[in-house]
Amino acid sequence: MKKIPVTTDDRPKEECGVFGISTPHGDGVAELSFFGLFALQHRGQEAAGIAVSDGSRVRLHKDEGLVSNIFTPEVLAPLSGYHAIGHTRYSTTGSNAHRNIQPFVIETMHGPLAVAHNGNIVNASALREELLHRGFGLTATSDTEVIALMLAAAGGRTWQERLERTLPAWKGAFSLVLLAADEVIAVRDPWGFRPLSVGRLPHGGWTVASETCALATLGCTDIDEVRPGEIVTLRGAEIDRIQALTPSGQPARCTFEFVYFSRPDSFWDGQNVHHVRQRLGRELAIESAIDADVVIPVPDSSIPAAIGYSAESGIPHNDGLIKNRYIGRTFIEPTQDMRERGVALKFNALRENLEGKRVVMIDDSLVRGTTAGPLVKLVRDAGATEVHLRITCPPITHACHFGVDMGHDGDLMASRLSVEEMEAHIGADSLAFLSLDGMMRAVGQSEGYCNACFTGEYPIAVHEAQAKLSFEGAIA
Amino acid sequence: MKKIPVTTDDRPKEECGVFGISTPHGDGVAELSFFGLFALQHRGQEAAGIAVSDGSRVRLHKDEGLVSNIFTPEVLAPLSGYHAIGHTRYSTTGSNAHRNIQPFVIETMHGPLAVAHNGNIVNASALREELLHRGFGLTATSDTEVIALMLAAAGGRTWQERLERTLPAWKGAFSLVLLAADEVIAVRDPWGFRPLSVGRLPHGGWTVASETCALATLGCTDIDEVRPGEIVTLRGAEIDRIQALTPSGQPARCTFEFVYFSRPDSFWDGQNVHHVRQRLGRELAIESAIDADVVIPVPDSSIPAAIGYSAESGIPHNDGLIKNRYIGRTFIEPTQDMRERGVALKFNALRENLEGKRVVMIDDSLVRGTTAGPLVKLVRDAGATEVHLRITCPPITHACHFGVDMGHDGDLMASRLSVEEMEAHIGADSLAFLSLDGMMRAVGQSEGYCNACFTGEYPIAVHEAQAKLSFEGAIA
Amino acid sequence: MKKIPVTTDDRPKEECGVFGISTPHGDGVAELSFFGLFALQHRGQEAAGIAVSDGSRVRLHKDEGLVSNIFTPEVLAPLSGYHAIGHTRYSTTGSNAHRNIQPFVIETMHGPLAVAHNGNIVNASALREELLHRGFGLTATSDTEVIALMLAAAGGRTWQERLERTLPAWKGAFSLVLLAADEVIAVRDPWGFRPLSVGRLPHGGWTVASETCALATLGCTDIDEVRPGEIVTLRGAEIDRIQALTPSGQPARCTFEFVYFSRPDSFWDGQNVHHVRQRLGRELAIESAIDADVVIPVPDSSIPAAIGYSAESGIPHNDGLIKNRYIGRTFIEPTQDMRERGVALKFNALRENLEGKRVVMIDDSLVRGTTAGPLVKLVRDAGATEVHLRITCPPITHACHFGVDMGHDGDLMASRLSVEEMEAHIGADSLAFLSLDGMMRAVGQSEGYCNACFTGEYPIAVHEAQAKLSFEGAIA
Amino acid sequence: MKKIPVTTDDRPKEECGVFGISTPHGDGVAELSFFGLFALQHRGQEAAGIAVSDGSRVRLHKDEGLVSNIFTPEVLAPLSGYHAIGHTRYSTTGSNAHRNIQPFVIETMHGPLAVAHNGNIVNASALREELLHRGFGLTATSDTEVIALMLAAAGGRTWQERLERTLPAWKGAFSLVLLAADEVIAVRDPWGFRPLSVGRLPHGGWTVASETCALATLGCTDIDEVRPGEIVTLRGAEIDRIQALTPSGQPARCTFEFVYFSRPDSFWDGQNVHHVRQRLGRELAIESAIDADVVIPVPDSSIPAAIGYSAESGIPHNDGLIKNRYIGRTFIEPTQDMRERGVALKFNALRENLEGKRVVMIDDSLVRGTTAGPLVKLVRDAGATEVHLRITCPPITHACHFGVDMGHDGDLMASRLSVEEMEAHIGADSLAFLSLDGMMRAVGQSEGYCNACFTGEYPIAVHEAQAKLSFEGAIA
């Protein structure tokens, strides 16, 4: 079934959440993977999968849909074993969807190997060509298959050795979780683009996940980041950590994990996401103060920033927009004609909280800029006398090549328009973005982050990334 | 597929949302019904249906699932016509689910009739027996079928006449929307238990819905409540309103629509729900003041009350709990053993906002009381030094017989335990409920509301309601 | 999904198979119903259902599809009980398909009642109007619902009494099986249009089925026809037979059960169907002898007649056409263009058995006459020097109103064309039909059969039947 | 869903049908593939797929189920192009079903490649190990993937060159159809184990299929076998044939294609299958004459042999067993207890044709021997005074390693029991098999056929084949 893109949604799309678990007792490994993936659902809602190893055989189930729809008790029952990995995916391409669902599982001369990946290898196209020219045949179009096949062919006595040989070739963002017959291995690129953390299970064993919220959901202790360039092996009660690659001198954590992607209860680079978001709001209040009567968030992601903005500015915080929480497989969008008549599918305004008021509306980002205008109009139609839009990050002017789908450069509103032009286009009384410095103050760091989408200064040269789409070429 | 009850959810369950539309032009009637039902999704997530009449024939589609999953463009395409009704359902009974999905459609000597119902006819069992003894055969187990068959057999020249003859027999809560060949009719019981409002469509025609949020979603103007005892007929551009039954001297609007059910942007009895919830928080702050460092809501329903509590008390408001938004068809719950290990499926705590703090936690109700204890523990484990639980309504001590599933009297925590006992059971440092007077002050009325679940004073004698479950008897 | 009519199929369509079982031990009642329905699958492939009673409650499962696809072990497991009925259906109307799947189950003042019906009540439209005018509301468009509701309203102390009161009102063909809380009741119209037989189960209890092949499949003994006008009650180990209506002085068994519908191993009116079909072939050989080299059947239904024709004529019998056995949900038919290029979906010719030969091709009937021409061409293209088509019944000139879908009178080839015109249209070297007398000689009876489709002499006046389609009117 | 093996079915299982088409006009290529596969459905009913190339991109659809259920108009619509291949599969392994459905499609350095395969490479396990040791990762467990990956890695300028390099390594049976961006290539192993034929489409272009019945269904002319060791390239209007491998001095066509697998209207080695089956019956009548009253086939495959036996012996031919044609996804089998009570799911006996008669029952093979005994009993219980079982081939004593699933040697009845012992076990009055010589006389050849299942003389050493099951090892 074709999915009509939800055009009222103007958020960047994270492409994946990864998860891994290894236990000495094999108790409920598939169920715990389910709960872990469930906590990572916000990182991808299109497809999910779990692969489990019982020590020799790998069993796999993956499908399109939400974690809680795919994994029924009947589906989980046969997935018994000691070690497992899982993946939840936001799918960028329709026709290839099924083949590219992860984990990607192959048999190799060293036994079975399953791979779950969050990120984007920018030189994947070149690596793929290399594999093809070595005579490999590829069945999917993802960089995950490239990763898996390179590992299978890497020689070496252990998967750790094979990783050490192969890692230097991979340029880009990769938070990887691998499942072999009797271990789970987590790896993170030397730039540390995307998050990945490990934790100790309360009843023995270890788990690894894209975000700490999944570890917290499982009751983990000893939660720690997988370091950039590190290989972490989970083998029952044992954990083994090797610094395989020198971390990049200039780490490049994704600031957007703080701004939008991560769940508020997760920690990123040692900082609680909700807390940083409050500070983003505070910084914004300092930088772009305005006289107003109420601060409202665009729910749900901007709530913490609105709390911070309110606390800093003294302007009361309240709800101004109600979001329909049941946006599922929304195939049907109001027609343009219906929209002009006022049909609103996703947000309704709270007139009581807005009427006659000067409103500061906090949003986390403007990407294509398609929803900000209608939201400003909605608030104004509900009686607001002024609407001041405040964005908790700088203008996004450049596409991401490290695992986030923001569209092409040309799709980005801020790459085409000045702030004044955007303000006019959106129809806000004022529009202000948080400065790069302000954002980094909120984060509490001045360095070590990738801000390429704001600055165009990519930590890795990305000319190769342009070739990426040719992947889609031969097999539709 | 059997659904395992989501035992971590301790909310009362609304049983239905109803919707109706009639247009002179027949433009997008099914799509508008979809958007309307979508805005009523919070009133029932188990099943939904739409019936459309083109002036002579009624076409129907209904199924289990969310509105946005059931109604694809392919499903809506053949549902063309001028008049439509819709229903969204929270299903109390598994095995009968499919037969009892609404709208319920029959052919009668007066043409087709479709019925969508929100409420509960307390004497339905007796009325059903009467139909059976008149020789009728019934195919479903719902009071909706009783309503439909009584109307079919009522004689009279118009559906309005038949309603006028039949209405006096129905004791209980009924916000009904009927579809005949060439009109939509809305009726509300003389007590006005459940909400029902009409509005004018921007491009001609009228619509009726359980909540005003659905009317606002469609851009309606001239929004007005269907009065208790009133019959409202929508026929293309025309609207016709008859006061068929004298409204009960003592109206009995459900207070719980304010406390929990209705969407915050809806209006109930002329008052905005979000606004009333803020006042519930304010009243609670006045009645049960406590020295604390932060006020947190149990998301999402208690957010407005937390805002109000904070505003009144001066204690800062912040998030303390993060709720997983992707609770879909959650078949799988953590085992007791997993829960003891700390596996949490639905909420995670925000340590940064709680640690070392004295916390006021606002929740809207305690029903079975199964989730309050674990939530208090979650907050305490995250470092809160004190946890004070504040509930925005009085203790619920009696079951509802007017369309809300709170379980039987014996299931209700407050029917068995005193406030002190509940406090101890839950493990809160203090527990306080809003008083009945405080709640009604927030509502802004001292009379005209059904507070039977708090007081046991039922507006209608309910001994007949006990026989209700015998419906389920003969056909499983 | 819409089904494209399989235009290469020119057979009359039987509308139903019915089944019932009652046991003292309740052992495998649903499974035995499954096997029984499976043996009746040829009487309807569109939908099927089973209703089981455990003595007080009736449980039902019905769906579209083949018996072996609908009933999995998971579906059968909860259908436990002592008594059951089943139905398999050929559906004439698409949009109403689901509501009209049988058994039809209602609750009545006398407990649950499930009805499975094969046949057609010609005055159903009038009876339906009568029910509507008594104030009933109807949910489906079938005469089965009319039967069920009339029984529910009939008064009387037992279902047998209610049947005795109601039976005289029903004009037409009805082989009915009813399920009440603690018994199964079989009834046959006084004309005996459609078959219905009972048999004793090897391990106790009784069963009833449209055809004896289903009873044989279950290992039954004491197989006997339910007599025209008889009510047979199965209650565990007991069987009770009442001659409720005087059988019609002129019985009207459907001759077409012999010609085409019934499975060859079934018995109808005491005669084995395969045997009668052989005699049809023999009579045809006597009446329409021709000098030829090979006799071929149109598979599969004409095989016995070809055997008989060969035996009588001395012309060798062989296969000449191969039929693709996997015609399932054939959505896709060759386009006209493809057909002209020779694309054949259903039959291929066996050149080796046809080349240079004078061929007698035996078919059981010509209805619309759409397939005979292409088949003659196929045989001729495979090298046959002559093709003589022989039909094992007389020309069908009138529509059936007693449960068989042959289309309207105007659709029938023989109602528009003489035999010579048909011969020319089909392109056969000769075309001959078996005479009415010849057919009845093969059947072994000169009276007691309905031959209305050949003669237009309907055993019951059918002017009322014309109103039938108005059923479809109000609810699409 | 798990499928319970249909234990009442005692036939060998063919593992595949393959199909390919190339046209200059691209008109209806997917539809024609559908019709072609539909005609090959008897070679595999578990899964099917079609891959289409538009000259640069390959589009694929494959799924479990029957051809007519998988391919709806919606599914076929996007499969536009000039060249296509298809596959229909009998699946031996449940858990791997989905990954092993064909065509198998990969991207290679030379563009896309899709492979459909009928047969079995006996040294696939060794070849697979070799690929693994070269560092390849494999996603499926089939020899088809081995074929595809070896071709991808073979170097050479064209697919034909790559085939020429790779073919010598493949030991075993392979009738392959490949799809590249702009051509379809058919290849057959030098032994010619399995059939494969090409034909000219009436409106331009060429097609290739496992059996000529598929070519006839499409109206093809110039039908010719792909010769053992030949590579045939179809490229729009062009056809190109290369004798790539010297055909084996001792060809090894599968005799069982005549005995059971092929559709009666197909040609194999220049002979019509139906005709050969008639001769098998004649030879059997000569070798194992018996005095009897009627010859009956076990339907449907033994009908031609029964015709031949009757013609030769002069004993009349008739039907004695009726087979239920609706055996679909038969999940439910009668329990042993039910079977003892006489519950028969698949066959019923025709008492009228058997009672008091001495019966010769013709069957095509005995494999496990599970159904012969019950069938003999069924016929005897229907009144036959004698039952003489005649088998149209010799006893099967050895497993097939060339693409037919007959089970392991130990499963084969004739490998454990003498003819006398089998006769006693089955309970026949006499049991006779056709001799090897008699069978080959019917085939019309004394050499060039693989009769290993009867003789144990495998044309290729099969010790390697034993390792086959280890494929299933690592990924379940």
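Brief remarks follow.
By written order: A, B, C and D. Residues from 1 in each chain.
The rule is short, and it goes like this: a residue touches a chain if its C-beta (ideal position, glycine included) is under 8 Å from a C-beta of that chain, and two chains touch if they have at least 3 such contacts.
Protein identities per chain, from UniProt: A, B, C, D = Amidophosphoribosyltransferase.
It should be emphasised that the depicted structure is a prediction, and the values quoted were computed from it without experimental measurement.
Counting the residue numbers used at the interface between subunit A and subunit B, over half appear in both copies, so the two copies meet with largely the same residues.
With centres defined by CA atoms alone, the chain at the far end from subunit D is B. Distance from the subunit A centre to the subunit D centre is 49 Å, each centre being the mean of its Cα atoms. Per-chain Cα centroids separate subunit B from subunit D by 60 Å. The centroid of the Cα atoms in subunit A and the matching centroid in subunit B are 35 Å apart.
For subunit B, no residue reaches two or more other chains under the stated contact definition.
Chain contacts here close into one cycle, and each chain has exactly two touching partners.
In this structure, the chains touch in the following pairs: A-B, A-D, B-C, C-D.
Interface residues of subunit D facing subunit A in the complex, by the touch rule stated above, are 56-60, 95, 105-109, 111-113, 129, 132-139, 141, 148-149, 151-155, 181, 473-476. Per the touch definition, subunit C reaches subunit D in the complex via residues 1, 28, 31-32, 34-35, 38-39, 41-42, 45, 66-69, 71-73, 76, 201-203, 213, 216-219, 263-265, 272, 274-275, 278, 300, 303-304, 307, 311, 316-319, 322, 324-332, 334-335, 338, 341-345, 348-353.
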